[in-house]
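Given below, in the form of structure tokens, are the structures.
In what follows, chain A forms one complex with chain B and a second complex with chain C.
Now for the complex of A and B:
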């Protein structure tokens, strides 16, 4: 069955979104099975290691969420899952920091990749917020002390009335919904941008051209 | 008149797709990375576990350091504690912190209004069957605001000069109902009756610990415990946890500023450190467009190590 002739040439919202999404990454570059030959260093592993650790963070967090906010205090399995959550976060940040420094020394923002760098930094900062709220919602001595100290910093910039670190219920919801959502969205944007522009070529390969 | 400009030369980064390629299995790389990260997380969790020191309870505080508990309760009635004199977002008692003349804390407004005296009086008013307490509350309510402050402050001063701050050894004076109120408050907390009382605030479901945490933070008991665990503000406590756990090492720079002057001695340290960290974060974000900063990778050739195979082939 074909569309009526009068529809020919008309663009719908759906086709516009489809074309935009399809054009985000050049054809074949979303999951390429070949990479430029210069991609041959262990430093490249830390980007994917960060993503892998994020998967472990989210998965262990989901298990903790299923048990409830205080489950890990009373269950040995819950405590173990909390430990997995903690150490996967440590690994996540370790990998992310090495990745960030690696990209800095590659000057990986070259060739219109500035937005890729910015989304990486925003992802790092958002992740710090997500991890920080995790320390606030442990409902133990650490969270008492950390929240008591942190309130002064947050209040001093005038946002304590909206983002109240002493309100455990509010922080728990930020920790399990808003901040992971933020980290996830920015991480997806970052990966799409990486695939869109490809891996930055080596320094010193650049040509000098006269600007017009 | 005409001027001649020297041609401006720009570096042009080649297209990555123009380079020779080699096989690279991204999915396999991710699956291996996921297996390693999962294995490492499980191993570290199994070997090192995670810290879980029990939260301080009001009963633990009242029993462990009754003098501090009574002094804190008296301070709340007198309006002299940290939270009572805090400013936004709890009250209008002070201007709060500022940076470069920007009164950010004040401008945030009082979004969580809290009367410090209510941290003591509200739980006491819920107690029934104690005629002495009811009488003391009636006496307190009958006083003017100035009289309340005067009598509570006088009792706070007397506690400060008593041996070990012991309420039983306070010199005689005109303290009105304050000793009776604080003694009842100590008894209520010691029996466990204060647990959840400030959190639920008259509702069945209590998920907001703000008032209980402000009361606890106003005392010295929490900080003494923290300092004993190497968690003080001048002990890099902002990024640490109890024991030898790594805590939040990614916050080292934020914590660092609190250890050095002028921040370590500034009354506006929190605002100043936040402002500085925001500035540094923006700078990090804008590195690609900041002349000088963006050239550091060319000047310190770490990239020669990263792409050594490529450079060798090119030669």
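Now for the complex of A and C:
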């Protein structure tokens, strides 16, 4: 029986990954129970409101996926879940945009938080793609109209050859797999970065901390 | 067919055109944004006081 690699002075990839994950956020900051006093403001609640809405979006989307794309046309429960999905998306975007306004006017990229800002922007753009494909898979005249109008725009930016908005099956798969996966991964990165660097202090806060 | 083209109310301002619903939603979001800046958060004063006492 050979000795463990760590005894021989070599580090396995599992321990390297473990150390990397453990070092992503400072100790105690993954789920903190205290925040600086300046966080006690309504403008700071819109980020977590966006996350809460995203949870409802994903949960209602999972239920809709079980019933199928046309379920909501024939079932009152399906129609209800479709409405929950739609309105949680509306709240998701409204909260995200107010969050964006708040962070823009407090210059939230200060203190080595540039990547946090960028992941927020990418998350926003990816979410727009997810919402857009959602409109295309309603399987009604609205989705037919939107896809007919959108095809020219998509073609004009040169991606219509492999992203065909008239192909309902392709749009449905993008909507339920690739785009939610993208939004989820970027949202996790964004939250980890917020926890890593802390919540940005107000511009006029005299006790602005040194970025971690 | 006429119904489809006349459905909804639109506001026109030069080259800009926006549905009344979307306009009201944007106005509502701006109102919420301003309220979030000016409405005091419950317990905010006490927290700042405690923070200053600790430092």
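The rule is simple: the second predicted complex is superposed on the first by the 195 of 212 C-alpha atoms of A that agree within 3 Å, B and C clash if a C-alpha of one lies under 4 Å from a C-alpha of the other, contacts with A are read in each partner's own complex, and residues count from 1 in each chain.
Methods note: a contact is a pair of C-beta atoms (placed from the backbone, for glycine too) under 8 Å apart; a residue touches a chain by one contact, two chains touch by 3 or more.
Just so it is clear, the structure is predicted and the values come from calculations on it, not from any experiment.
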Problem - chain B versus chain C as contact partner of A:40, first or second or both or neither - result: both
Handout entry: First, second, both or neither for A:149, with chain B first and chain C second
Key = first
Exercise for the section: State whether chain B or chain C is in contact with more residues of chain A in the superposed arrangement. Expected result: B
Handout entry: First (chain B), second (chain C), both or neither touched by A:97
Key = both
Exercise for the section: Applying the touch criterion given at the start, work out whether A:106 contacts chain B, chain C, both or neither, answering first, second, both or neither. Expected result: first
Practice task
Could you pull out which residues of chain A sit against chain B in one structure and against chain C in the other?
Solution key: 36-37, 40-41, 43, 45, 97, 102, 207
Problem - In the complex, chain B residues that touch chain A - result: 7-17, 19-27, 29-30, 33-34, 36-38, 40-42, 44-46, 48-56, 86, 88-89, 96-97, 104-112, 207-210, 213-214, 216-217, 222, 225-226, 231, 233, 237-238, 241-242, 245-251, 268, 270-271, 273-275, 281, 284-289, 294, 296-298, 300-303, 306-307, 309-311, 313-314
Problem - Residues on chain A engaged by chain B in the complex (per definition of touch) - result: 26, 31-41, 43, 45, 48-49, 51-53, 55-56, 60, 72-73, 79-80, 82-84, 86-88, 90-91, 93, 95, 97, 102, 104-107, 109-111, 113-114, 117-118, 121-122, 125, 128, 131-132, 135, 138-153, 155-162, 164, 166-170, 172, 197-211
Handout entry: In the complex with chain A, residue positions of chain C that touch it
Key = 25, 29, 32-33, 35-37, 39, 41, 43-44, 47-48, 50-51, 55
Exercise for the section: Would you pull the chain A residues touching chain C in the complex into a rising list? Expected result: 36-37, 40-43, 45-46, 94, 97-98, 101-102, 207
